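Consider the two complexes below, in which chain A is the common component and chain B and chain C are the respective partners.
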Partner chain A sequence: MQLSARFKNAGESLKRTGKQMRKNYAAYLFLLPKLILFTLFIAIPVVWAFLLSFQEYQIIEANTFAGIDNYLKVFQSEAFRQALLNTTIYTVVTVPFNVITALIAASLIHSLGRFAQNFFRAAFYLPTVTSMVIIAMVWRWMYNYEFGLFNHVMGWFGMEPINWLGQTDSALWAIIIMQMLIPFGVGIILYMASMSSISDSLYEAATIDGANAFQKWLKITIPMLTPSTVYLTLLSTIGSFQVFTQIILMTGGGPGYATETLVHLIYKTGFRDFEFGLAAAQSVVLFVIIFIISVLQYKVLNRNK
Partner chain B sequence: MKGKMKLFVMMLLAISFVLVLSACGDDSDGETGEDGEWTGKITIWDGPRWAKEGDTSGEEGKGNQYFWLEEKIEEFEKDHPGVEIELVQVPWAEMPDKLGVNIAGQSWPDIAPVDISGSAVSIDHIDQGVIEPLNDFFTEEELGDFYENALDAYTYNDKLYGIPNSITVHSMLLNLDLFEEAGATVPENGEWTWDEFVEAAEKLTFDRDGDGEIDVYGFSTYILPGYYEAWPFFYMNGGQPLSDDLTEFTFDSPEAIEAIQALADIKLKHEAAPVSMGGADVGGTFQAWASEEQRTVAMEPWATWAISSAQTAYPTNFMVANYPTGSSGEPVTIGGVGGWTMFKQDSDAKKEVVAEFMKSISDTDEQFLMSQSYGIFPARISAAEMDPFAENPEMARAQEMSEQVVMLPRHPEWKKIDEIIQRELQLVFNGEKTAEEAMATAKPEVEALLGE
Partner chain C sequence: MKKRFKVNKLITYLLLSVAAVISLLPLYWVFSTSLQLKSFQDEELERPTSYVNANPPKMYPIGITEYLEHWGKARDAEKAGDAEQEAYHREVMSMIVKDTFSGFKNLFEKNQMGMWFFNSLYIGIVVTIGILLLDSMAGYVLAKKRFPGRNLIFWLIISTMMIPSQVTLVPMFIMIRDLGLMDTHWALILPDLSMVFGVFLMRQFMLSIPDELIEAAKIDGASEWKTYWKIVLPLARPGLAALGIFTFMNVWNSFLWPIIVLNSAKLYTLPVGLKTLQDANLADFKLLMSGAAIAAIPMIIVFLIFQRHFVKGLTLGGVKE
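Let's turn to the complex of A and B:
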């Protein structure tokens, strides 16, 4: 009896859904082109790539089933471990720094007049719309040992020049410093928008209670911006794990493997070595790593909610 | 969730999308008539070469650098009614990546100007049947007109996988103004020993304005996977990266170790090279030698293209010299061979037409013209005998070096082997490892690949 009741409920639920769909058919019709494109260019390739990670890719002949060989190769690869370590260091340093500096910059700009706000908003957003290729080329010049800006300035203070991109102990940090000094434009804009939506009454109440500006920032602004912080941290983490352009243009992953990163390694595996099965496996592993990190970040940053 | 999906797509889409496109890679767009004549479309890729004299059209004022091939296509189409040849213009820097993506998607062109050394097309592609052998389209007599090393460069398992149309060598370029300023001895006829080279490099390293800072360095080069400007030095004592039968890593031999360390010591011990020597900055290294605003380095090794660049875009008072000789006593250089390769064809009739066109753009007259206009050495003996460099002594001198050429090992895993070696070389040149330590690290990794 219980089973037939369940079937009955399920049937009714389906009917309701069908009725609902008929009612909103125009909306579904509008969504259809996007859905078709999504299926063709995202869903199918993603599933295909996942399947490819279990195959040995052949250009002309049919691919052969490789079981978990590609995944074993990924985990046994010293280059992958080094790339994972480099990418993790890059992410762990740049993400908190970028999010915190975006918060501070947005807080400072928010208190300024309209003209100044617009000016700084545009100025900080400019690098976001500038090609990373251009930025990387400029920074490569700034890091030049003989006539780069950094060594030149260090020379004024009697400091020894540094072979920024040429030594294993400084190359990755040079890339990290570059990323840290590029303003996180999206973060600043988003934080400023969120700040505008915080109710003035909260600040007024805090003022009556005798809170100073810093206390208000700490106890009201930051907690109220938590959703933005979570979003920006996730966004920034995902972006950092995909670091590629700077690497290919500034160091090529060297010296040695000092600046090898995961996406650069995947690119080489796929498009230089034509080992698409292995590259797909590397991509899936990267996806799983980022998925886990993102879930953890989301849970930790939202724990007080 | 949306963000994660986007990431997943970013990682996987690039790899899988080209495979989705493979359905589009149909090259059978043609038909064979009752007379056996094939008609249809042929696709050829080429990079910019040279423009007609006085042509300054185009955004950068460089003129139409594809006119030569366009004219050859027009001629061929006129002689072969029904055959249409589409020229796809691809900047040289984009050629390997673009071709790689198209090969992965099985949407390759019929003809492309690439060699089989690995930068765009590799032995692995030949093994997988992507490249067509061309032996059937040449008689022994015709092949006899090509330099042997040019044919060797396109030969694998006794089959010819391309038509060589040019030879390039690496040579030492010496800034003669800086030699004069420093009072350094110019090597007679560009021939010198390692000791003479070191002496010159030290003399060419000087403080021009007396401020205590070095303004000019004797020598520089860079180390990067896929680039071989520095490598002839490593061969100078008789060393080579792999054994002749390609089963052993031999850059850890005393001859090779000594040569690698000696070159690194030009910077580390003799201080006759800038700190950036051995880095990965190709453009910056060339600018340091060629750019009028810099010229902070007196000697650099470069491939043939740099000679014509120093004669045109960066007018420099320079000479071409051999790489210095080491204990082997023989000058050595690394060579490269350019030419045309034919990609897999479904129809034998089309293959014949494609081969005919390839031959028409690689004959003696065309190679002679290309040598004069484009600054490369002809791969045909008959074209070289026409003396294309009668009025270009620098190119003529570099051409003499063709006899010193050694080719890189022809191994299916060469790209990976090259990366392992070059990564270790970078650590030698920045002083973090000795040549012996670096090559000892590379050995097991390389031999694991050789054993596969």
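Let's turn to the complex of A and C:
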């Protein structure tokens, strides 16, 4: 009895769903093209990547189950450990620096008149719209040992030229310095937008209490910007773990493994050595790392709320 | 008090100006190097043959001042009636012009820069139009229609936004290869059209369109398509503008996937072309910077014209979390 009633209910609710689906066929039609593309080029490849990571798969010989062999190989390889270390150093140095300087720059710009605001915003955002390919090419030129701009300028101050990209101990730092000196345009624009939505009454109240400009900045502006800070830190950390273009165009990961990064290693493993299974495992590890860091950052940065 | 205020303002301007110079210097250096004299030799003045590799570096394209110098001398010679001297300086002038733009000439004549530019442009336009259409359609129904599976689909799409795109590189490579699309533009266009960020953006934007307008259209007997095309799309124009610009920029600058799937020089997009250009001419910085300049100019123009929409697009995607 109970069972058949439940079946009846289920049948009815199915019928209802079917009816609604017919009624809403237009909605499904509107979604269909995107859904097909999404399934083919995102959903299936994502699942496939996980499956591949457990397979032995070189370019043609396909599909032998390999268990966790690929993952063992990933963690045993020196290249991967070095890539993980380099990517981490790169992220730990550049992300906080870029977020903080974006905050400072946005605060300074925000205090100016409209014309100056537009000018500086454009000046700081322009490198962001320029392809990283172009930026990397010109920095490689500026870092050039013999004729590069930097060694010339350092020469004016009596400093010895540095083989920026060619030495093990300076190459990673050259990439890091470059990233620090490219303004975080997205951050500046978002911070400025958030600042203009902070209510004036907060500042007025603080003025009555006798707070100076710096105190107001520290006690009102920065706390009120926390959601933006969380978002920007997450965004740039995720981007930073995917650093690739600079590496392939400026150092190729070298010298040795000095500037090897995770995505560059995935690229090399997958598309130079054609070790598809191994590359898939590396990319799954990258995903897990990014996921864990995102969750941790979100928790830590939001803990004051 | 007032004086201190002014000092603060001065320091603000000073700091920001220094930062702006650092920000724009690399771009300036692209253009400056691309126009620098390279193989020009002025025997009379015994100057170095390559100003690109000059020591100390020339901070601007030296051809400008050289040209003016010879132009003045040619005029003086003309006044003095010295036809031989005048002809010499005029010849040097034309050599300077030729040498200044030699990088660009080489790109178009010995490399397929024109083709790469065209490929980037048309792929960017095709993908942008496709994304605007598909994502606004999907975003519209996800924001305004109630139907079974709506939330499931929305969360499915949103959750994949967290997965780094490198995860799908290998499976996508195998798929594109098995579909026989390797080394075609389809290999770029199809995956680009499946990006989901725009669906999210359009849904967020469409939520703010009042339901009454859509209901009114329905009462007037407009079909679903007509409601979308005549009522919803025009109201979503600011969102579409922002999404369109970001899509175009992403496609124009896209690099990792194109270098994996494109092999034929005539199919390259600009970033791929630039990479192969660098691989083949590692030390010819005038040539490399000429290529970089050509790739940079369109985005700089787009940005300067549509600056407002860039700001809008960023704040749409970011602040309203």
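Simple rule for what comes next: the second predicted complex is superposed on the first by the 267 of 305 C-alpha atoms of A that agree within 3 Å, B and C clash if a C-alpha of one lies under 4 Å from a C-alpha of the other, contacts with A are read in each partner's own complex, and residues count from 1 in each chain.
Heads up, the rule we're going with is that a residue touches a chain if its C-beta (ideal position, glycine included) is under 8 Å from a C-beta of that chain, and two chains touch if they have at least 3 such contacts.
Every value quoted in this text rests on a predicted model; they were computed, and no experiment measured them.
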Exercise for the section: With the two complexes overlaid on their shared chain, look at chain A and say whether chain B and chain C clash or fit. Expected result: clash
Exercise for the section: Kindly classify A:111 by the partners it touches after superposition: chain B alone (first), chain C alone (second), both, or neither? Expected result: second
Exercise for the section: Determine, under the contact definition given at the top, whether A:290 touches first (chain B), second (chain C), both, or neither. Expected result: both
Exercise for the section: Return first, second, both or neither, reflecting whether A:212 touches chain B, chain C, both chains, or no partner chain. Expected result: neither
Exercise for the section: Could you look at A:254 and tell me whether it touches chain B, chain C, both or neither (first, second, both, neither)? Expected result: first
Practice task
Check whether A:279 is in contact with chain B, with chain C, with both or with neither, and answer first, second, both or neither.
Solution key: both
Fill in the blank from the handout: chain A contact check, chain B vs chain C, more residues touched by chain C
Exercise for the section: Check the residue A:199 against both partner chains and state whether it touches chain B (first), chain C (second), both, or neither. Expected result: neither
Practice task
Mind working out whether A:130 is in touch with chain B, chain C, both or neither, as first, second, both or neither?
Solution key: second
Exercise for the section: Name the contact category of A:45: first (chain B only), second (chain C only), both, or neither. Expected result: both
Practice task
Could you say whether A:266 touches chain B, chain C, both of them, or neither, answering first, second, both or neither?
Solution key: both
Exercise for the section: Choose the clashing stretch of chain C with respect to chain B from the list 25-33, 61-69 or 169-177. Expected result: 169-177
Problem - Contacts on chain A seen with chain B and repeated with chain C across the two complexes - result: 41-42, 44-46, 48-49, 52, 140, 144, 146, 235, 238, 241-242, 263, 266-267, 270-271, 276, 279-280, 283-284, 286-287, 290-291, 294
Problem - Complex interface listing, chain A residues touching chain B - result: 41-42, 44-46, 48-50, 52, 58-61, 140, 144-146, 161, 163, 165-168, 234-235, 238, 241-242, 251-252, 254-257, 263, 266-267, 270-274, 276, 279-280, 283-284, 286-287, 290-291, 294
Problem - Sites on chain A touched by chain C in the complex - result: 17, 20-21, 24, 26-28, 30-31, 33-35, 37-38, 40-46, 48-49, 52, 105, 108-109, 111-112, 116, 118, 120-127, 129-135, 137-142, 144, 146-147, 149, 152, 155-156, 181-183, 186, 189-190, 193-194, 197, 213, 227-228, 231-232, 235, 238, 241-242, 244-245, 248-249, 263, 266-267, 270-271, 276, 279-280, 283-284, 286-287, 290-291, 294
Exercise for the section: State the interface residues of chain C toward chain A in the complex, per the touch definition above. Expected result: 8-9, 12-13, 15-16, 19-20, 22-24, 26-27, 29-30, 33, 52-57, 134-135, 137-138, 140-142, 145-148, 150, 153, 156-157, 160, 162-175, 190-191, 193-194, 196, 199, 224-225, 228, 249, 252-253, 255-256, 259-260, 270-271, 274-275, 278, 285, 288-289, 292, 295-296, 299-300, 302-304, 307, 310-311, 314-315, 318-319, 321
Fill in the blank from the handout: As the complex stands, chain B meets chain A at residues 3-17, 19-20, 97, 100-101, 103-104, 106, 122, 124-125, 128-130, 224-225, 274-276, 278-281, 284, 288, 296, 344, 415-416, 423-424, 426-427, 430, 432
